[in-house]
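Quick one: this structure, given as structure tokens, is what I'll be asking you about.
Note that the chains are named A, B, C and D in the order they appear, and that numbering of residues resets to 1 at the start of each chain.
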Amino acid sequence: MIDVGIVGGTGYTGVELLRLLAQHPQARVSAITSRKDAGTRVADMFPSLRRRYDALAFVEPDKAALKDCRIVFFATPHGVAMAQARELVDAGVKIIDLAADFRLRDPAVFERWYKMPHSCPDLLAESVYGLPEVNREAIRQARIVGNPGCYPTAVQLGFLPLIEAGAVDTKHLIADCKSGVSGAGRKAEVNLLFAEASDNFAAYGVKGHRHHPEIVQGLALASKTPVSLAFTPHLTPAIRGIFATLYAPLLKPELDLQALYERRYANEPFVDVMPAGSAPDTRSVRASNMLRIAVHRPAGTDLAMVLAVEDNLVKGAAGQAIQNMNLMFGLPEATGLEALAVLP
Amino acid sequence: MIDVGIVGGTGYTGVELLRLLAQHPQARVSAITSRKDAGTRVADMFPSLRRRYDALAFVEPDKAALKDCRIVFFATPHGVAMAQARELVDAGVKIIDLAADFRLRDPAVFERWYKMPHSCPDLLAESVYGLPEVNREAIRQARIVGNPGCYPTAVQLGFLPLIEAGAVDTKHLIADCKSGVSGAGRKAEVNLLFAEASDNFAAYGVKGHRHHPEIVQGLALASKTPVSLAFTPHLTPAIRGIFATLYAPLLKPELDLQALYERRYANEPFVDVMPAGSAPDTRSVRASNMLRIAVHRPAGTDLAMVLAVEDNLVKGAAGQAIQNMNLMFGLPEATGLEALAVLP
Amino acid sequence: MIDVGIVGGTGYTGVELLRLLAQHPQARVSAITSRKDAGTRVADMFPSLRRRYDALAFVEPDKAALKDCRIVFFATPHGVAMAQARELVDAGVKIIDLAADFRLRDPAVFERWYKMPHSCPDLLAESVYGLPEVNREAIRQARIVGNPGCYPTAVQLGFLPLIEAGAVDTKHLIADCKSGVSGAGRKAEVNLLFAEASDNFAAYGVKGHRHHPEIVQGLALASKTPVSLAFTPHLTPAIRGIFATLYAPLLKPELDLQALYERRYANEPFVDVMPAGSAPDTRSVRASNMLRIAVHRPAGTDLAMVLAVEDNLVKGAAGQAIQNMNLMFGLPEATGLEALAVLP
Amino acid sequence: MIDVGIVGGTGYTGVELLRLLAQHPQARVSAITSRKDAGTRVADMFPSLRRRYDALAFVEPDKAALKDCRIVFFATPHGVAMAQARELVDAGVKIIDLAADFRLRDPAVFERWYKMPHSCPDLLAESVYGLPEVNREAIRQARIVGNPGCYPTAVQLGFLPLIEAGAVDTKHLIADCKSGVSGAGRKAEVNLLFAEASDNFAAYGVKGHRHHPEIVQGLALASKTPVSLAFTPHLTPAIRGIFATLYAPLLKPELDLQALYERRYANEPFVDVMPAGSAPDTRSVRASNMLRIAVHRPAGTDLAMVLAVEDNLVKGAAGQAIQNMNLMFGLPEATGLEALAVLP
């Protein structure tokens, strides 16, 4: 049984970790922290957890027995994980950061987008970007994993087969993305209110979004050519779900795109290439760790179009983190993540 | 491993059975029927089932090997189960009907509300009403279980402690109920369209609802006095969830209602009595088999007020059916039903 | 042309006043205040107002030329209107408070529920409760109108015909009410987030709600007998709309309830008694000033049941305020309020 | 007063025409037809119309006094308007078809996409495509107007300034569009059910959508170069609203796009160019005839990106039809269409 610690468990990725780990046969949450809500039982904050987590309460960060855990998830704002990472890894504790501290390889890029210097560039250097479909072997060996952002997971997995095959012009990529509101976190902000976000559809981050450099980093690694990407996030009135509509000019019009995708993801437990002609929807992955993907060639154009859906809180956050944990501890990769999507 | 058959698997209770049974360690779906969609793979109709049910396809009702199953769930319109019940039970197959054929004890009442005569009153007489919190022992022995309706589950479990204790005036009961739209089934009807039901709230069935006699039947069995009930169903723009707000005039004002409820449901795996003063919400049970309940005494009144929430497709349908199946096969009652609610 | 001032225009009732007044042929908004957003153009905060209010900006409360207005609406938190009322009425400016300062006749009741002493009991004594269907003549003469709360409008108009006729037992009234999320205001609170309130249904205020004494005050005035009311507010995932389901034990079972309601509201421009047997829905009044009402007698009970729907921001707030303004200035009561509901 | 007839008034564009025309000071609906619902009062089908349309009932198409009207709106499925057009125009009645019969200039293209031959190519030839921002003068003179589709309105008005200026490569246009569910009409189809479309996001029409040729036709007319367009419609869980995210490779990188758009639409009553850097949302136009538009240049790309929002039932259908009617009858173009958007 793996003792798990969670730092900052009061947000949506925190409660989703609790939900998913309750289904995991070989892990148990033994510590969870919250500065603001120390002393509160997690089941009093989230009644959905009653009957399963009745004994677990938030503790002050510095009082939590995190060093007794074998792995600690950081479900915190950016900057927290890098501040505590060294002490934990020195104590032999593995770390998965669900925020951005270990996502961007270049500390300068991190600083530019997150407005803070990186406090442990050496640990950043050894850390692994936790996208199993790309870095599976490295994740198995990692002490620190930077869990990918929700948009970057969908966009990278959507584009990668095309880019790895050199099939598209990487200087003219477009990712038109739509996210459910939970992607913005459990923050009391006016624009996230039901009365604002419901029955509405909006673009946001039009002047630049932090997931942009993360996506470009991943695509550039897979490409032999420079990457230029227009990335437009939108807010759709759903709780969960990311829908990525991706466009790329085809360089190899004769290529069988369907076969390319099926081959690339043939052995992936959590990437499902839909049949040719499919139009996926986000509910088909709601509350599950699956990413579904369909590839198209819009009539009368020279484009490849990819449609990718995921649950931003599962494959886009907590589920992928557990998938990474499974790899880091030598467990079957899908352990605890087999639940089907909740439909309707 | 229990071989399970599902008759009529194209509706919401059908796909929910498939979702939940995929998590069940001792059951597998070996046959599923649909007259209209015979030949279609279930995963082609419901992509959420891909990767788990890739080999399962709908078959014509009369070609399905239902007699080779040990249990058959009827997720059909009313009238189907009673037509096939005798042949199946004679073959030793257990039956759980998720429609109304085996809910109402009195065939005349059935006929009045469902506009068809009951075709097998003898089987109705031996069948058991599948509310485990009331009929657990009888369910264990049953060949045929009439699975309760969604409203009746919430309303009965909400009122029962008060009525069993003789604490309320059963001639003045009110059940003001709100249901998510999936409760109406997967039917192409204008009033269930997103553009009609979203951003809206409506009462319906104001001239009488088929769940009324079922609720009254259950409450009358528990009471020593006649039952009179105003039951008002409403449609709320949510996919899943029933919220029952129940009112009853208190006859024993000194009674400790919180203790009464906690005692009544102390050992129930799927009834969670919330702390005094709680206001439950439907998302706290979304996609789970739990029913949560809070009991109040509105200030300045002589009333008891009960708030009960359930997922209409789980505890109100497919989950309760599996709970009954577990009882019928001597399995631990919660097998396959342990998943926590999906929140947010 | 009536010059109108709005104090506190950044909330939902404020922007709704702006929307409705833009349609009003004899009023124009000449001043609007906001401490926090002084200097911001209203159309920059609410782009829906662009092209109509391009010149109007929020000003500091003490710099606004409110005394040059003929009427000032207070769309503020409780306590603001009573602090500024004397100075304005002394200057000959009429006042309509959309908060609670002039709703409760008894300053002691106000203080108990709003946790602040009433600062001008004499003005409270002369002020008029702005429910036109009850106080039309007094409103015409009033200098200060306390605009009713959203729930109280629906519940009072729903119950009044029964109570005025002495037809029900006023000691056993139940108001089971459901509100869209905008009723809670434009406040950054976690429980109002889309990801919390969507696909959910919840009760709230179970320990007491400030609209309870306001409702009881109105019903008691109409009744010859003491009033006891259970009032249960719920939150439904819609932006706008209140649905009130009201129950009362009938004392006069022979009474023709339909005729009673039609007669009582025969000349009301904004109360629509639906045909017998109707089930109203909130979208039928969305964005309009109409309240629709249906009266029923649930089979097998001795109850009257009333279903009343309104838009909480219009008839439940800004629309009713303008209706009151029309009365106070001798205009046709429906001026500027004729728009039909937005459906779908 | 203009007597208006509506053919096929039971769908969403029909009821929206009724809502909007109720606000129109110089038009009245004097006839409305429905084969299926003849005899039903419109206010019995849509209670939102009560008190305004109490005398209006659907009549059989062949019994309606359409020739006594001065204008007839066809809110019907494709094919109906062209069957009745000749008789009406011969009688001096003007026609606005909200379906597709008079949208596509080339009868062969119409036949290819709508699977029926065009029955009156001569009338098609004289008819005018009802996009006032392009064809204002022709609309004033027209006897028959083909009212644009919802997507084509947003996409054309979004792209036109760029294309008219020769500023973009018209062979690589992308229109990633999102529509509320009412855009699919008031049809009882499973995929439009609340329980299917809510809390979900989906692409559809991936193999080709009928609005594609309509958009291309309009863009090609404005361009000197061939047009190639990828058009991807998506369904978002909102009732109303279209959000078009448009991408085009810039040929003139030095061009001031903001100035271009402001200049192009300077005198348009219903196109609002937002300030530079804006991110419009659909609720800012909900229930109004305004189209709002923002133009961007995504960092690090050579693209122009345009964000355009409209209410699909107003500027995308019934509102634009009334705008056209105003032009055809020499009325001020905005008559009856001044209402501000409903927000929240």
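We take it that a residue touches a chain if its C-beta (ideal position, glycine included) is under 8 Å from a C-beta of that chain, and two chains touch if they have at least 3 such contacts.
For clarity, every value in this text was computed on a predicted model and none was experimentally measured.
The chain pair with more C-beta contacts between its two chains, of B-C and B-D, is B-C. Chain A and chain B, compared by their mean Cα positions, are separated by 36 Å. Inter-chain spacing, taken between the CA centroids of chain B and chain C, is 39 Å.
Inter-chain spacing, taken between the CA centroids of chain B and chain D, is 45 Å. The set of chain D residues touching two or more other chains comprises 12, 180, 182, 186, 195-196, 198-199, 237-240, 278, 280-281, 283, 286, 344. Chain contact topology: the protein chains form a complete graph, every chain touching every other one.
Residues 12, 15, 18-19, 22-23, 46-52, 182, 186, 198-199, 239-240, 272, 274, 278, 280-281, 283-288, 290, 292, 313, 338-344 of chain B are the ones that touch chain A when the two sit in their complex.
The part of chain D that touches chain B in the complex is made up of residues 12, 180-182, 184, 186-190, 192-199, 237-239. On the chain A side of its complex with chain D, the touching residues are 172, 174, 176, 178, 180, 195-196, 198-204, 206-208, 228-232, 234, 236-241, 243, 245, 247, 249, 277-283, 286, 294, 296, 298-303, 305, 307, 309, 344.
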